[in-house]
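Once you scroll down, you'll see the structures, which are given as structure tokens.
Here come two complexes built around subunit A, the first alongside subunit B, the second alongside subunit C.
Coming up: the complex of A and B.
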């Protein structure tokens, strides 16, 4: 139905899509998989005619049935594109928060499509919208119709977006990372919905994602892209069972899955049980009946505060050298808990007992966790300087500090030449390495890692996890590892806490929880992950 | 996110920063004249010559002469120096105090922040010229008091800019981490955060410098501040008032110089801003 032939797209002379060819058959779900910067989004935007003027089609063409939508060297026919958009192809974006107009009721926004492309009277338009809302699984469609976007949850907004996209029964639906911004349990519902819709409405779908697992579940065929080129394409099963290209293998291998369990953890657990001494050592961190509150209301001078409880009655401990995984969906209170443990939120009730000095933290976003105005070398030395100022005993000479920083640079797998570079020159994965180095250079003993790999590409994710694991074992580090991704948790941790709506609902050894989950919610998480 | 990145690339074309080049040239020339004026001027700035009253611009007197027969070009050179000295001291005082106060209020927030913000609101509430006049009339005239009063009037804008930047950075992950390391507050404020606001602050400094030059000229024009026979651009404008029709060059020379300086600094700040982005 849609054929993309030898497509090349360039921004300011640099090609970001190189000679890409694939086709989508009627009713087929085609997955385009690749890491950030692989050109998958640009390809989709070119197909939709949504590229900015700086982008130039330098080669190839795009055909929809018999119509040429875009061709190299020709000006875009905006009228032709307009007649195609919405009615023959439409798109669902990643961010459900920004793709709906916040000042217009969602019902009206959905109606807009019908108003532009059909001559239906207002009454029928409304019935059609309500039908669509019901089709995408929005309960109480009438109420949703009259709601503003901010009154809906992320999942509901994405359902509205899908309803809007398919209301005109387009032949092709392009979904650009439609579930990336959503929680796993919601993610699964949306994937199921997309599949159902494409069967009911008989539309083809171009599904763009960085997540191989999702593509595996949804797509008939898969195109793997890297650096603007198609690396491999074929039936989903064939790609997963016998990938031909090295990169595809690496990609599949990198996805944290429950099949590949790290041996060392099992080993260390067994060892710990044999080794009575380590078992009896006092825990590094003890948390008893901890409630964490969050101040609501403006912090203006005269207005009062309301306290909202975000974590209720949390009790757990972390032993020396142990990695405790904390898993839960967004808003479950895992970050509030970590902040309370580090003493950044003083609105707490209960007991937090540290047996280490200066616990450190690794953050999710590699782009905001390094001070952009400093060099890597300076950043690595700063914790030592701070420690020296607080305690004269550990004060180091400038040369020792430099040497320690160079050594850490080696440990985190960066070349010496990075010492004088600034964070802006580093990739996301490299920055996360520096973050880890900065946290560990003072040998803190206890570390909180708050979603340290969530913002990274899968292949980089695997490397960072490996690095964390090896450093953790080497330094006998205790770690609270927070993630929404249950597979990452499985790979990293010795014990697991499952958190939901501010409460720890299940805890236990990793194997135990993953093999025999007690709570229904844990089971759901395991199924979705 | 991806979408935004694609669209961002549009703006990333490398263009020559003409603002910066022109701004640097204009301010550079002025700075050169001002510094030169301290050591050497074509004529003595106070030497009167009865025979050469109101001489029109010529090669002998580049900008002509004034009502006492003094060379206007020499006086403009000295005037730039006076004006630049006063306005840069004003920006230095107001900016320095702005950094200290803004950093503390922005970083800590709370009651202190609220109180200082209301005070700056109050200062902003008065027209700046009126407020300067009041302060000068209380303290008395002279260059020192002019600098002091202008600094007080200029401080709120610096405080606000620094404060908003510190609020932006105080919860950044790397600042949280610095706190976890046990870094002292003063070090966090001035070593960790301050360098990050440098480009924003530089822009506000150039704008502030502009306003200070205009304010100084205005004050001298009104007769407070610089006292004769010291030359200042504003004072010269004020003296030229009576001779606008008979000797227009007398007013034009300092007037156009002010325009040149202000334009130069505006271009410079625009250039810095577009480079920072």
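Coming up: the complex of A and C.
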């Protein structure tokens, strides 16, 4: 139905999509898989004609049935394209928060699709939208119709986007990472919905994702892309069972899964006895009956401060050299808990007992958590300088600090030449290595890692996890490892805490919890992951 | 509703503070009213008599209380300077009631010009992809913003008043006497006020729209098959208007409070001119009331801006 032939797209002269060809048949679900920068989104946006003017079609053509939608060297027919958009092909985007107009009611936004492409009277349009809302599983469609985007949850917004995209029964639905910004349990519902709709409406789907597991579950065929080229394409089963290309194999191998568990069981009883430890050693961190609050309300003269409880009655401990995994969906209080432990939030009740000095933290976003105007060397030394300020005993000379920074560069697997570079010159994975180096350079003994690999591509993710694990063992670190991804937790942790709506609902050894989860919610998480 | 209640309380508290500040300010600044009215030649008896007549012999707190209670009961006091006839003092209320309409008409006139011209201009500018009109608009707006409005006023007076005789400089007729004359006389002052502000607002709106154009929801709108025009007016304008509203609010407050310079240049008998002459003659009852008026206008307009904000962006009122 849709054919993309030898497509090349360039931005300001640099080709980001190179000679890409694939076809989508009627009713087929085609997965385009690749890491960031692989050109998968650009290909889809070219198909939809949504790229900015800076992008140029340098080769190939795009056909929809018998119509040529775009061809290299020819100006695109905007009118023709507009008659296709929405009615014959439509798109669902990654960010359900920003993809809807924040100041227009979502019902009106969905209705606009009908207004643009049909001659239905207003009343009928509204009925159609309400029907569609009900179809995509939005309960109380009437209420949703009159809501603004910010009044809906992420999952609901994505349902609205889907309803809007399929209301005219287009032959092709393009879904660009439609579930990446959502929690796993919601993710599953949305995937099920997309599948159901494509069967009901018999539409083809171009499903773009970085997540191989998702592609495997949903797609009939898969196209693997890397650096703007198609590396491999074929039936889903064939790709997963006997991948031909080296890169495909690497991708499949990198996906965190429950096949690879944490390799060294430092805390097995046997090992402990070997080391002559009796297990009586005091834990590095103890948290007892901790409530964490969040201040609400404006700083107005008239309204007092309200406190909202975001973590309720949390109790746990972390032993020396142990990695405690904390898993939960967004808004469950994971980050609030970690901030409270580090004293960044003072609105707490209960007890937090530290037995290490200067606990450190690694953050999620390696792009914004490093000061862009400083060199890597400077950034690595900064925690040492700060520690020296606070405590004269650990003050170091400038040479010692430099030496420590160079040593840390080696440990985190970066060349010495990176010492004088700025964060902007580094890739996401390299930056996260620097963040890790920053956290570890003071030999903290205890570390909180808050979603340290969530913003990274799968192959990079695997490398960073390996690095963290080897450093953790080498330095006998205790670590609170926070993630929404239950597979990452499985790979990294000795023990697990499961958090939901501010409460720790289940805890135990990793194997134990993963083999025999007690709570229904834990089971759900395990099924979805 | 609760929100508006809060705003009203804030308004009252601010007015109170401003009234105290204004009153104290005019107590401490040098210059004696009595000397300024009677001149230096007056006898001490005459001075003392006038002081008593004006109530200036009482202690300051008492005078403040008298003044405030007067204002609250609708008596704005009497002018030291103007008089109705030989034996009758001119009430401040009457004085202002006489001048205020001129300022308000002028403000309304220029605001309509600003809004009607700057919004389509800003949208056009944001849509403009060709370099030629872009550069031209850029130069024009830079120029319009840089020229001080009094100079623009003088230029317009000279060109349209003296060279082309479109109006008589320094003249003003009430709309009761001559409606077309009224519009004619106010047109040029309104243009002088509006031109720099149109340039600023249009530029501001354009920048804001360009920023909004890179948002995800614009891409969504395009993916639905919206035309460029629809994307601009239906989706982008409303969101891009948020920061512009604050700016417009500032302009509105400024214009209503009185365009002092423009009134002076065109010889319009408005509040701005009254303020200047009252300050120079130490006609404090008039100045104090005008200060309160300006404060109230600024606060009320900002409050309206806030309410408008909430109407346009549902996210704010839900917080």
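Miscellaneous remarks
In the analysis below, the second predicted complex is superposed on the first by the 514 of 529 C-alpha atoms of A that agree within 3 Å, B and C clash if a C-alpha of one lies under 4 Å from a C-alpha of the other, contacts with A are read in each partner's own complex, and residues count from 1 in each chain.
We adopt the following convention: a contact is a pair of C-beta atoms (placed from the backbone, for glycine too) under 8 Å apart; a residue touches a chain by one contact, two chains touch by 3 or more.
Since we're looking at a predicted model, the values are computed, not measured.
Once the two complexes are overlaid through subunit A, subunit B and subunit C fit side by side, free of any clash as defined at the top of the document.
Looking at the shared chain after the overlay, A:142 reaches neither subunit B nor subunit C.
Between subunit B and subunit C, B touches the greater number of residues of subunit A. Once the two complexes are laid over each other on the shared chain, residue contacts for A:12 go to subunit B alone; subunit C is not touched. Of the two partner chains placed by the overlay, only subunit C lies in contact with A:112; subunit B stays clear of it. In the superposition on chain A, contact of A:127 is made with neither subunit B nor subunit C. When both complexes are overlaid on chain A, the residue A:86 reaches subunit C alone and has no touch with subunit B. Of the two partner chains placed by superposition, only subunit C is touched by A:164; subunit B is not. Of the two partner chains, both subunit B and subunit C are touched by A:95. When the two structures are aligned on the shared chain, A:55 is found in touch with subunit B, with no touch to subunit C. Here subunit B and subunit C sit at a least CA-CA distance of 6 Å once the structures share a frame through chain A. Overlap of the subunit B and subunit C interfaces on subunit A comprises residues 50, 53, 93, 95, 300.
Residue ranges of subunit A in contact with subunit B, taken from their complex: 11-12, 36, 41-42, 45, 50-55, 93-95, 176-177, 299-301, 342, 344, 358-361, 363, 365, 368-374, 382-383, 386-387, 389-390, 438-439, 442. Residue ranges of subunit B in contact with subunit A, taken from their complex: 1-3, 6-7, 9-10, 12-13, 109, 111, 114, 172-184, 187, 192, 195-196, 198.
Listing the residues of subunit A that touch subunit C in their complex gives 48, 50, 53, 82-87, 90-91, 93, 95, 98-104, 112-113, 116-117, 148, 150-151, 161, 164, 300, 302. Considering their complex, residues 6, 9, 129, 215-217, 219-227, 230, 234-235, 238-239, 312-315, 318 of subunit C touch subunit A.
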